[in-house]
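Each structure below appears as structure tokens.
Both of the next two complexes hold chain A, though its partner changes from chain B to chain C.
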Partner chain A sequence: MSDYVKMWEDLGMDLETHDALCQVLPTAFGDVYLSQENRPEGMGFWDFVVSEIHGIRPSELIEAQKNGQKVFGTFCVYVPDEVVIAANGIVTGLCGGSQFWVPGGEKVLPKNTCPLIKASVGARLDRTCPFFRIADIYVGENTCDGKKKAYEILAEDVPMHIMDVPQMKRPEDYDRWAHEIELFAGVVEEQTGNKVTPEKLAEAIKIVNNKRKALKRVYDARKAAKLPISGKDALLMMQIAFFDDPVRCAEMCNKLADELEQRIKDGVSVFPEGTKRIMVTGTPLAIPNWKLHHIIETSGAAVVCEEMCTGTRYFENLVDETQTTLEGQYKALADRYMKNNCACFTPNPGRIDDILRLAKEYNVDGIIDVNLKFCSIYDTEGFFVERALKEAGIPVLGIETDYTDSDAEQLKTRVEAFVEMLG
Partner chain B sequence: MYYIGIDIGSTSAKTAVLDENKNIVELFSQPTGWSSVDTAESIGRTLREKGYMVEDGGVVSTGYGRVAVPFSNKTVTEITCHAKGASLVFGMEDLMVIDIGGQDTKAILVEGGLVRDFVMNDKCSAGTGRFLEVMANTLAMRPDELCTLAKHGGNTSISSLCTVFAESEVISLIGRGEKKENIAFGVVDSIVRKVASQARRLQIGDRQVVLTGGLCECDYICDALSKELNTRVITHKKGRYAGAIGAALSGM
Partner chain C sequence: MEEIKAKTKDINYYILFENYTHGLALEKLLKEEGLRARIAPTPRSIQGKLTCGMSLLVLEEDIEAVRECIDRHQAKYYSIVEMECQINPNRNVFC
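Showing the complex of A and B:
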């Protein structure tokens, strides 16, 4: 990634520290990804993106800014990309998936904060993530206490807008969320200097829906008895979807889906027959967090689905495309986003329904409920998840972990024992 | 034909040899030491001296050093092995196995001789043999001596779950002149409470609870655990070999 040094310097990044990250990533990616056999050719695109993860997309974003476009950095699947796109803005994910950034976050955050929040804050404050440097404004949301307070710390450093996500799903909460989206549109208009019109928003809704459909096609291919793609590869596609241009993302995912559908016809699989099918559920796996998938897929099992924000929650449910007024469109957006079943809602029975439904759709043998350390809402909800699964006769393993490798051997023993238990 | 199971744990390495009728014909153990590979080689030599040809196959390894056994034909996790081994040793197909190992503690629900569900401590060493070892060391005793002494103590509790903090707690108890047996009581009580809270996450029901692993040779731990779980916890003199026996069974 050495060609981008000038760009990183202009972004005010801490080059020396960032170099350390650039040095370890290729080895990690090689060990976890390139060691896999018979990968779909379509994965070449994502391999390339990873090889230039802090270079290629950031340089596109900077180019777009030169042409007057604004970049919105987001943290959560509740922020409606459609509104930003309608005003000719760009949405990008932000760094937060590596232990590399955690010590930076620990300088200012309590130690019992989840690693995702620590890493995000560390990546910003230590100036080692280009996306955090590029974004003109960050859009946060109050989906947990840790994030809420961490955003206050970030807001001292950069412009920040917080969306007030309801924590219950009563009819008035849907209305309130539609109103939040309308307020957000005002912020977007002010940032970009462009009007959000019904025509533009309709177009944006189609763009993001197409991206969702494309991601879903790849996921649907994982329902096949003979798995045409590994869980690790599908996860990588998912993680990068948060950063890529939505139109290109859809195009690449559709191309990959074409190949996977052909593989299914030809009976090509990346796993031996009889490999146990695992679904993971719980907290998000931000790039480059591949730890659990790697452990599972080197323990004689395959990951076939992620019921996570970096998974089905990102693409399930489409926004109604028939609305022609802004009011109707905001309502349609609210309806779609409120269908996401995050543990920040109380009660949250929809998530249990989702898990049971997905377990059937993907024909899973067992489920691993994984929680990032100190994420109290998902950890507590794990009680209901595990109870419901046991009642349904689906084996479940609960795991709590962070970004460090210190528990890798322990986890491996547990996952291997779980796979042995599946028979 | 003989079936050999090798369980390389963090503290000691156990070996079991079974004949084809599942009779246990050989059991021996040794400290794991600092090198699992050396330990595995030493086990190989001992087996050969005793007339078992490890190269003929039928060797299954388990435990955290399971990958370090060069002549092993298969590796199986200690959870599966303890379930199988305990079923054979205790002669029961439905039971709840609690294994207090050197660096991890597991509670395993066994149904029909197979693992139905399990919980394992995370990377923290609270409630493990290691915790006991560290505290015994601080009290200048052997772990088994500490266990025996604990029976005569009482009225002391160690509140820190973290081994490092608990050690400072023990040191301040020593400084305050607390009786050794009372400190020993506090140490064992801490382990037992932690293990019991882990076990209670599984539905014990009316299953027989059995204790395996290194600490099962201490009667007092068994008694204290029975009291805490409100059910009789039994053990067996071959209990510490359950993992190795289960490994040998996995090769059949």
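Showing the complex of A and C:
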């Protein structure tokens, strides 16, 4: 059994400040998660991971590093995990979802930067998150202006590779992204000292596809009329998927999906009949950002789907497994990742199509379009999202929020009014 | 609302461990015996110098059976702490 305090010290963490987070997390988790009744047994795994959130996975990563493996920290669902896994590297998500880290980011970033970026930069520079200390290299991407510039600041403190995500979806942009993945493979090979071979990449593509299929099974269970799992629990599973070993993640998600499918057969639901079904769309909800889901699910509604990076964008669409050359595999990876409809693309009609399709698949009563404060691309795209939903006759509520608690009561009033309006 | 208020007056028990291996072993044992216990992050106020973050949360009505099971199997644990229920879904304080 490792001593976490010793590990945190060895990582050069600021223990005193970190302890402040250790104080609030168990209370918030209890209020949000342990207050729920009749949760699936399978959620015990994720409760355990949260209980040991800065201990158990970090110690696994450090052990792996001792055995020569390299850890790549990422911030975006556009970075292809497959390439890292093919070179025996490990990927860990790094997005910050807590207000705790925001002031640290504000020391170097403008106040009008989105909280996700501020939290991520703060977690690194204030030395209060083990994952940010452990990663050997960060992999950024230019999906927004705030991130681009923040990565330049981070690059003064940690090795950084930036992927140039195209901003349009013309045929030449697909080719450019395939080339960008090939360049990334070169960086990964250099970092790990291992070659990315077609055989290894094929294996990695299967591993990540299996993880996507497992996550999708859990999401599919949320399409049932009687909901076998809360939105909060599904969100937690999704948030931790960014940090866990991909094979174990698939195994645990499949186990949970088995239980949920049995619950559907048995007619077991965690919500009373008639509970309004809400889909949330917009910017990601990085761990431990549980605010909006908690507010929705204590306001007489249930969250049935997230059209977000911490949601359907992470697992929809599989990579073609039939390619046998690196060239073909990079192209297959590019094709799959380019199907993600991020607001950084112009134009981005695919996202509207996704939202309308998901609204039908999950049989939603209403949609909450949520944007993190100062995320101008998602906020602006909200114009098209809300117009399309109105045209389709789907009630929509637009919300802009951050990680603070100060707007919680106000949000609750608005969400309650919206749910009541759904009839 | 009334139900939630009543709940906050309930007594909960947190079983603490020196490490999560002991915690998971006891969780498995209790489950096998059909006893209710939920994995929970240990409230910082009772964690002391323990670095293990997980505890088992047991309701008042189940604690005697759980204690009996622990004794019978000589299961390893660090301590059992009684506290008023800390869980309040209406607090709206996040992290």
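Criterion: the second predicted complex is superposed on the first by the 419 of 423 C-alpha atoms of A that agree within 3 Å, B and C clash if a C-alpha of one lies under 4 Å from a C-alpha of the other, contacts with A are read in each partner's own complex, and residues count from 1 in each chain.
The rule is short, and it goes like this: contacts are C-beta pairs under 8 Å (C-beta built on N, C-alpha and C of every residue); 3 or more make two chains touch, one makes a residue touch a chain.
The model shown is predicted, which means the values in this text are computed figures rather than measured ones.
Participant: Should A:Glu251 be classified as contacting the first partner (chain B), the second (chain C), both, or neither?
Facilitator: It touches nothing on chain B or chain C.
Participant: Answer with first, second, both or neither: which of chain B and chain C does A:Ile295 touch in the superposed model?
Facilitator: A:Ile295: touches chain C, not chain B.
Participant: Quick check for you: in the superposed arrangement, does A:Glu400 touch first (chain B), second (chain C), both or neither?
Facilitator: In the superposed model, A:Glu400 contacts chain B only, not chain C.
Participant: Of chain B and chain C, which one touches more residues of chain A?
Facilitator: On the superposition, C touches more of the residues of chain A.
Participant: Would you check which partner chain A:Glu52 touches, where first means chain B only, second means chain C only, and both and neither mean what they say?
Facilitator: second
Participant: Identify the partner contact of A:Met421: answer first if only chain B is touched, second if only chain C is, both if each is, neither if none is.
Facilitator: first
Participant: Just checking: does A:Glu409 make contact with chain B only, chain C only, both, or neither of them? Give me first, second, both or neither.
Facilitator: both
Participant: Which chain A residues come up in both lists, the one for chain B and the one for chain C?
Facilitator: Shared contact residues on chain A: 409.
Participant: Considering only the defined contacts, which chain A positions touch chain B in the complex?
Facilitator: Of all residues in chain A, those touching chain B are 390, 395, 400, 406-407, 409-410, 413-414, 416-417, 420-421, 423.
Participant: Of all residues in chain C, which touch chain A in the complex?
Facilitator: By the definition above, chain C touches chain A via 18-21, 24, 27, 38-44, 51-55, 57, 86-95.
Participant: Residue numbers of chain A touching chain C in their complex, please.
Facilitator: 1, 3-5, 19, 21-32, 34-35, 44, 47-48, 50-56, 98-100, 288-291, 294-295, 298, 403, 405, 408-409, 412
Participant: Over in the complex, which chain B residues touch chain A? Could you list them?
Facilitator: Of all residues in chain B, those touching chain A are 64, 76-80, 104, 114-118, 120, 122-123.
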